[in-house]
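Note that the chains take the letters A, B, C and D in the order they are written out, and that residue 1 is the start of every chain.
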Amino acid sequence: MNRFETSKVECVRGDRPLVSGLSFSLQHGELLHIVGRNGSGKTTLLRTLCGLSRPNAGQIRWNSTDIHVLGDDYRALLAYVGHANGVQGDLTAAENLHVATRLNNGTDTLVKGALERMGLTRFAHLPTKVLSQGQRRRLALARLLVSKKNLWILDEPFAGLDADSVAVMEDILTDYLTRGCMVVVTSHQKIACGAKATQHITLDS
Amino acid sequence: MSWSEFISMGGYGGYVWSAYGFAIFVLVINVIIPMRRRGVVLKALRQFIVSQTVQEK
Amino acid sequence: MIYKKYASPKNFYPLAGRLIPWLGVLTVLLLAVGLYWGLFVAPTDYQQGESYRIIFLHVPSAWMSMFVYVIMAAAGALGLTWKTKLAEVLASACAPIGASFTLVTLVTGSIWGKPMWGTWWVWDARLTSELILLFLYIGFMALEASIEEPRRAARAAAVLALVGVVNIPIIHFSVEWWNTLHQPASVSKLGAPSIHPSMLVPLLMMFIGFKLYFATVVLMRMRYAILEREKHTRWVAEVVGTKAQ
Amino acid sequence: MTSSSLFVAVRCVFVRDVTVALRRSTDVLTPLVFFIIVGSLFPLGVGPEPNLLSTMAPGVIWVAALLATMLSLSRLFANDYADGTLEQLTLTPHPLTTLVLAKIMAHWLLTGLPLVLISPLLALQLNFQYENMGILVASLLLGTPVLSLIGSVGAALTLGLRGGGVLLSLLVLPLYTPVLIFGAGAVSTHALGMDVEAHLSLLAALLVLSVIFTPWVTAIALRISLD
């Protein structure tokens, strides 16, 4: 069974240590909820877990192999939704999803279903620059549905979403976790989803 | 070689001394700048560390 | 592991502090003797008269401008692969010194060329590639200055230095090629005079003197740069603390 | 990760970049217009005297092409960096080097190639002899991809920096000198009737070298900038 763990990870921003000595281990079907005030290094930590940033010290392992050693193989099983939506303004919603699918070895047929699930079918053929911030956020989250990944790392997924979108997102998380995958998420609100086990980590600023 | 001959450098004095002058000037500047900067950095670090310890208390 | 002991900034700071005075004295000594020998003892060149004495500064600094860039690129590569802060600090400390040597080479080169060709600037192959090398140094320093986050600044500048060091031979070859292509008959290459044996000694002294000078100044720059980079550590607090009294 | 999925990803990046650029046609036209304007400024500066213009034409066209490419380099990564798509690109399971090469080729298709096609027009304006047109187009065809490739390293290094445009030109112009020398040299030696075999082969050598190495360096620079 897959295991995602870190040992004594230290994250730095401009030579100032933000997070140090962080260790956790995530099994399949588990959710890790990271909480912390603004500027406490949540985003930096998440970007380090994705392999975008390098940790100043410590190690991040997937099935006991360092993620930087795994390289592309780790990126094949990881999906990341950061603060930036990663959505091209001049492409339509459908085109954006098709690009995400092809880049992450997903299947094109899933695109229609993903748009439906996130309630974006009506806007599928509009350039995303005319969509609202909430709609663009939902499009970014729709990316999670078009490719089979074992690990999701989500940075404030619920920020800017209306009530029923949050409910939809919580259902998606529940389905995903019951299928035996793992989620690392930062959010200021409680997450009601059927995770086998939820771990909490609080970062003090 | 008398002093005045040395200065005139066989008529090329202007060139030789301006070249030597500029080179030595640059070499000396490169020693002075780090010396002065060191004082500035130490002072800035002292304030930083003082503010850091105050923050921690 | 020796490497870790000396490479740790904490040990580097006092070690450099002890080395600098000795290096400084040696540098001054060598440069003084070298210059005295070059100006007084070396015979006059039959062709260029006294103006050739500028080579005792021009040639060693031209060599240093290239040598320092290679050191900078190597330190950058070290910093990129092993993430050692000392290597990053060494690379950024090298840049201004290398740029200064390039400037000295350009100025002394054009002053030396004036009596021969009557103009201050000549598109001679070596002077032109030296000018491009100056732009490479300025690019390095500008890139490093415009990135706030010190780690990214050092690594981005290291990549630029490595791309630069690969391009220097290509640039030099293309400028040589360009120079021979557009060779106006009158301009002879910056003719190095036939090196008389007694000229070799001061030249050699100046070479070694400049290397010692480089070592002294780079260590001086690195000492306070490493303090800045390590300002969150305890040892810096102690060092800065003691300096206060 | 089979090679076919890599091909799919590379084609997807290429097609995406081309469609986005075409939908923002101002991005494509500005370097082109800039190229023409810079080219036409020279006669105003040095006077309309025909033989002077025709001897200067290769140099002027090459410098104008070089500046136009540099002007458009920031478009290569800046928009994707701003909206987060660049981050997603580095998180795909495919080697970033190949995807970056696809992006650079898409950029060249929309800036380098139009410059090459328009350059005869500018050459005529500078009273450039008709029989040398072939060499001019050939040298630009070989040279402009090198400009895009080397420029992409600068664009990746100066990602998201204030004053990025000027800084980018400061980093990249010294590295452009060999391409300029061989490119402009090829055209001017041909105009003098001498054979240009050496120039074009050196330019082609530069192209091969930069196609192999620069995408890899740009990928490293991107990962550093996104750190």
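The criterion applied here is as follows: contacts are C-beta pairs under 8 Å (C-beta built on N, C-alpha and C of every residue); 3 or more make two chains touch, one makes a residue touch a chain.
Computed from a predicted structure; not experimentally measured.
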| item | value |
| --- | --- |
| Chain whose mean Cα position lies farthest from chain A | B |
| Most centrally placed chain, judged by C-alpha centres | D |
| Centre-to-centre distance between chain B and chain A (centres being mean Cα positions), rounded to whole Å | 53 |
| Chain B and chain C, separation of their C-alpha mean positions in angstrom | 15 |
| Inter-chain centre distance, chain B versus chain D - centres from mean C-alpha coordinates, in Å | 42 |
| For chain A paired with chain D, centre-to-centre distance based on mean C-alpha positions, whole Å | 36 |
| Multi-chain contact sites of chain B, meaning residues that touch two or more partners | none |
| Shared interface positions of chain A, touching two or more other chains | 54 |
| Residues of chain D engaged with two or more neighbouring chains | 227 |
| Chains that touch, pairwise | A-C, A-D, B-C, C-D |
| In the complex with chain C, residue positions of chain D that touch it | 153, 157-158, 161-163, 167, 170-171, 173-175, 177-178, 181-182, 185, 189, 202, 206, 213, 217, 220-221, 224-225, 227 |
| Interface residues, chain D side, partner chain A - complex | 1, 5, 8-9, 12-13, 16, 19-20, 23-24, 79-80, 82-85, 87-95, 226-227 |
| Chain C-touching residues of chain A, taken from the complex the two chains share | 12-17, 54 |
| Residue ranges of chain C touching chain B (in the complex, touch as defined) | 35, 39-40, 44, 49-51, 53-54, 57-58, 61, 96-97, 100, 103-104, 107-108, 111-112, 114-115, 213, 216-217, 220-221, 223-224, 227-228, 231, 236-237, 240-241, 243-244 |
| Chain B - residues contacting chain C, complex | 1, 6, 9-13, 15-16, 18-20, 22-23, 26-27, 29-31, 33-35, 37-38, 41-42, 45-46, 48-49 |
